[in-house]
C-alpha cells in the first residue's frame, strides 16, 4: 500500500513487537538470574506470555492478509487474470506472503510453548525465516525505483537481515539476554525506519523530497544510524525500567516466582500450577 | 537435459531424499530422547539405515552418471573432440560431476557407519561439499540466459547453498534435531523447486511463459516463498506422523529399542545384536 | 576534514587505542593465567582501567563531536538550511555520528564495569556496533571519487568490518586473549592506515599522487599488507614487553594481585578492597 | 613470474604442504585417540615436528622473497624508480609479500611450539592471515585480464579463502581432525590448481587455449570440481595409509608413545624425555 498509512501500520506493529520483546526478555532474564542454580524450569507465567505473543502474531498475520486481499483496490483472492493475461496486484500478494510467515512463526511459538515434544529453538528458527522471507521479498522489490527510494528501502534490509541472522543464532545460543535484547532493538529499529520511509516518500506536510539528490541519500544514511542509536537507548531504558519495577514489585524477602504469579489473576495462577504438575 | 523430464528426475530424487531424511532424523531424535541419560550408543538399526541411505546415494549417482553419458544425445565418454576442436556436451559432463559428489557423500556415509575410525562428521562434510559443488556449477550455468530463466535458476541456489551451510554446521553441532530437519526441509524445497522450474520453462500444457516480463519474475520470487512454507509444513507433518506412529508402535511398557528392532526381520535383528557385541 | 590533520587525528586516536588494548588485555591474560583455578573474579584494578577507558572514549567522542560542529567551517549545529534548501556540511555530521557511537560504546563499558546487572558482553556489542556504523558510513562515503581515493578508503573498511566481526564474536567467546589482541591489532592497523591515507591524498612534501594510475592502486594494496604485518609485530612486541615487565615487577614469591595493586596508590587500593567486599 | 615454472613452484610447495599436514594431523589424531582419557599433553615428537614445519615455512618464505627480488628480471630491492617515476616490478613485490606472511606463520608456529606463554591458536591465526593476504592480493591481481585467465585465477580464490576461513575456525575449535584434514585437502587443491593454471596459460605442448571461449570457462569450472574430488581422495588415502602404518608399526602391546619415539633416533629421544621433564 503505497501511502503513509501503508508504512505506518507495519511500523507500529514492529515498534510494538520490539518493546514487547524487550520487556519479555528482561523479565525472563530476571527470572533466570534470581533462580537458585540447577533449577531451569520456566515459570508457567512465561508460557502464558508465549501463548499471548504467538496468538498476537497469528491474529496480526491473519488480519494483515485479509486486509491486503480485500481492501478496495486489492486482488480479492484473484491471482491471475486470464482476460488481460496478467498477474493481479502482485504487491498485495507479496505483502500477504510476508504476513503468512510471521503467522507461521506465531504458530511455532504457540507449539513450542504448548508441548515439550517440539524441540527448543523451533520458534526462533521460524522467526528467523519470517525475517529472511521479508528481506528476500523486499530485496527484489527494489528494482527500477528512483535512487533515494531504492536506498531508503535497502537500508530497511539491514535490521531485517541482521535480525534474521541474530535470531538464527538464538537457535543455538539459548537464553542469551544480549541476543534477545539485540533482537528487540532491531525490531524497534525496523519499526521506526518504516515510519521514516513513510515520512520521506509520502510527506504529511511540507515539500516533497528530491528522490535523486545525492545529499538526501547521504542524510538518510546518517539518519539510519541515529535511529539505531535511539533504538539502543529505548531498549536500554525499557529494560532498566522493567528490571527495577519487577525488583521493587517482587519485594525483598518474597520469592520472585510468587511476585510474578500475582501479575496474573489468582484463579489462573492456580490453573497454571495444575498445568505444571500435569505435564509429563 | 533441457526438458521437463530432466528437471522432474532430480526433483523427485531430492523430494524423496528430503522425506527420507525427515523420517530418519525424527526416529533418531525419538531414540535419543527415550534413551536413559549417559547411554549414547546408536542402535544398529540406524547403522543399517545409514548403509541403505549411502548405498542409495552411490547407486543413484552411478545411474545418473551413466545416463548422462550414454543417453542418445550424450557425450558417450568423449570429453574433447579433436576434429571439431571443441568440448563434447559439457552440460552432461557437469551434471555427471554433480552426481559424482553425491556419490562421494554416499561413500562417506557408508564409511562412517562401517568404521569407528572415520571421525564423526565426515559424512556431513561430504554432503556439504556435494551441495556446494552443485551450487557452484549451477552458479556458472546461469550465464547469458533470458531474465526469468536465470532468476528461477538462481533461486535454486538459495536452498542449495543454505543446505550446504547448514550441513557444514552439523559437522560441529552434532545431533541437533532442528538442523537435521531443516536440512530435510531444504532438500524438499530444492526438489519441489526443480519441478517448478520444469513447469515454468517447459510447460506441459497451456501457453509459454514470457521469459522477459518483470511481473513473472515477481510472481516466481513470491512463489519460492510459498514452496518454502509448504516444505516447512510437510516436514512438520512427516515428523509428527513418524513420531506418534513410533510411539504407538513401540508400546507403553516395551523398550523402544525392541520396538525398533521389530521393524527389521528377526534374523537380522539377532545378527545386529551380535554385531553390537563384536564391535570394539 | 579533508586535509592531512583530519586523517592524523583519528589515526592517532586509533593507534593509541590499539596500544592501550594490547597492554590491557595482556595484563588481563596474565592475571587470568596466574590465578588459581576456580577463582574467576577480576581484580578491582581492571575495573578502574575500564572506567578510565570508558571515560576516555566518552570524552574523546564529546570533543570530536564539538570540534566537527564548531570548527570554523563547520555546521554550527545547523542541519538544514531552509534558505538554500540544502543540507549543511553533511560530512561533519557524519563524522559526528561516528564519534557518537564510540561514545555510546564508552558508556556501555563504564556501565559494564560499574554494575553486575549489565550482562557481560554489552561493552563488546556496543564497540562492535560503533565499528559497524563507522564502516557503514564510510562505505557510502566512497561514491564518485577518483579510483585511488576510493580504493584507499575501501581498504580502510577491511580492519573496520573485521574489527566489528571479531568484537561481535567476543560477545560470545569471552576472555579469549587471541581475539582480544587481534582486536588491538586491527585498531593499530586502522590507525596507521589513516596516516597512510593522509600521506597519499595530502602529501606533506613531494609530488602529488596520480589518483588514476593503476600501478598506484597495486602498490597501495600491497602496502596495506605491510601495515598489517607491522601491526602484528607491534602487538606481539607490546604484549611481550608488558608480560615480562609485569612478571619481573610482580616478583617471584609475591602474589601477582598485590603486585598489580601497587601500581595504584595505597589509599585507592584499600578503597578497592572495600568495594570488592561491598558488591553483592 | 609469468611462465609455467612460476606456477609449478608454488604448486609443488602447496602440494607438499598439503600432504605433510595430512600426515601430521593423522599422527596427532592417532596419538589423541590412543591416549588414556585425561592426559592431554602432546608428545615432544609433535613439538619437534612443529619446529620442522615452522622452519620449513620460514626458510621457504626467505628463499621465495630472495628469488623474487634477485632473479634476473627482478626488482633487486628497488621499489620506486625516481627516474621513470614508476614502481619497479610490483608483481614480484606482491609475491614477496605473500611469502612474507607465510614466513610470519612459520615464526608463529615455532613460537607456539617453543613456549607455553604463546596462547594456543596463534599459529592458526597467523596461517589464516597468510592465506587471507594471499587471496586479498590475488583478488586485486585479476583486473583487466582475458576472461579465461581471470576466471582460472578467481577459482584459485576458492581454496585460498575457504582455507583461511577454516583455519580461522581452528583458532576456536582445537584438535578437530576433520577441520585439520580439510585444511590439508584445501592446500592440495590449491597446489594442483596452480599446476592446472600453468598447464592452461603456458601449455608445454599442443595448441594454445582460446582465452575468450565460453566453453573453455565451463570446462575449467568443472575441472576445478574434479581437482577437489581428487584432493579429497588423496587426503583420504594418505590418512588411511599413515593410520594403518603407525598402527602396525607401534605394535599390539607396545605403547604408541614408545613407537613414535622410535621414529626419531634414540639419542634425541632421550633428549626429548629430558625436555619433557624440564618444562615448567
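We just call them A, B, C and D in the order they show up, numbering each chain from 1.
Going forward, a residue touches a chain if its C-beta (ideal position, glycine included) is under 8 Å from a C-beta of that chain, and two chains touch if they have at least 3 such contacts.
Being a predicted model, the structure only gives us computed values, none of them experimental.
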item: Relative orientation of copies chain A and chain B, as a Cα rotation angle in degrees, nearest 5; value: 90
item: Remotest chain, chain A as reference, centres from CA atoms; value: D
item: Same-residue or different-residue interface between chain A and chain C, half as cut-off; value: different
item: Averaged-CA centre spacing for the pair chain C and chain A, given as whole angstrom; value: 33
item: Chain centre separation in whole Å, for chain C relative to chain B (CA means); value: 47
item: Interface hub residues of chain C, defined as touching at least two other chains; value: none
item: Topology of the chain contact graph, where touching chains are joined (line, ring, star, complete, other); value: ring
item: Touching pairs - complete list by chain label; value: A-B, A-C, B-D, C-D
item: Residue numbers on chain B that touch chain A, as the complex places them; value: 29, 173, 176-178, 182, 214-219, 221-222, 225-226, 228-229, 232, 243
item: For the chain A and chain B complex, residues of the former touching the latter; value: 86-87, 90, 93-94, 97, 100-101, 104, 117, 119, 121-122, 125-126, 129, 133, 136-137, 140, 143, 171-172
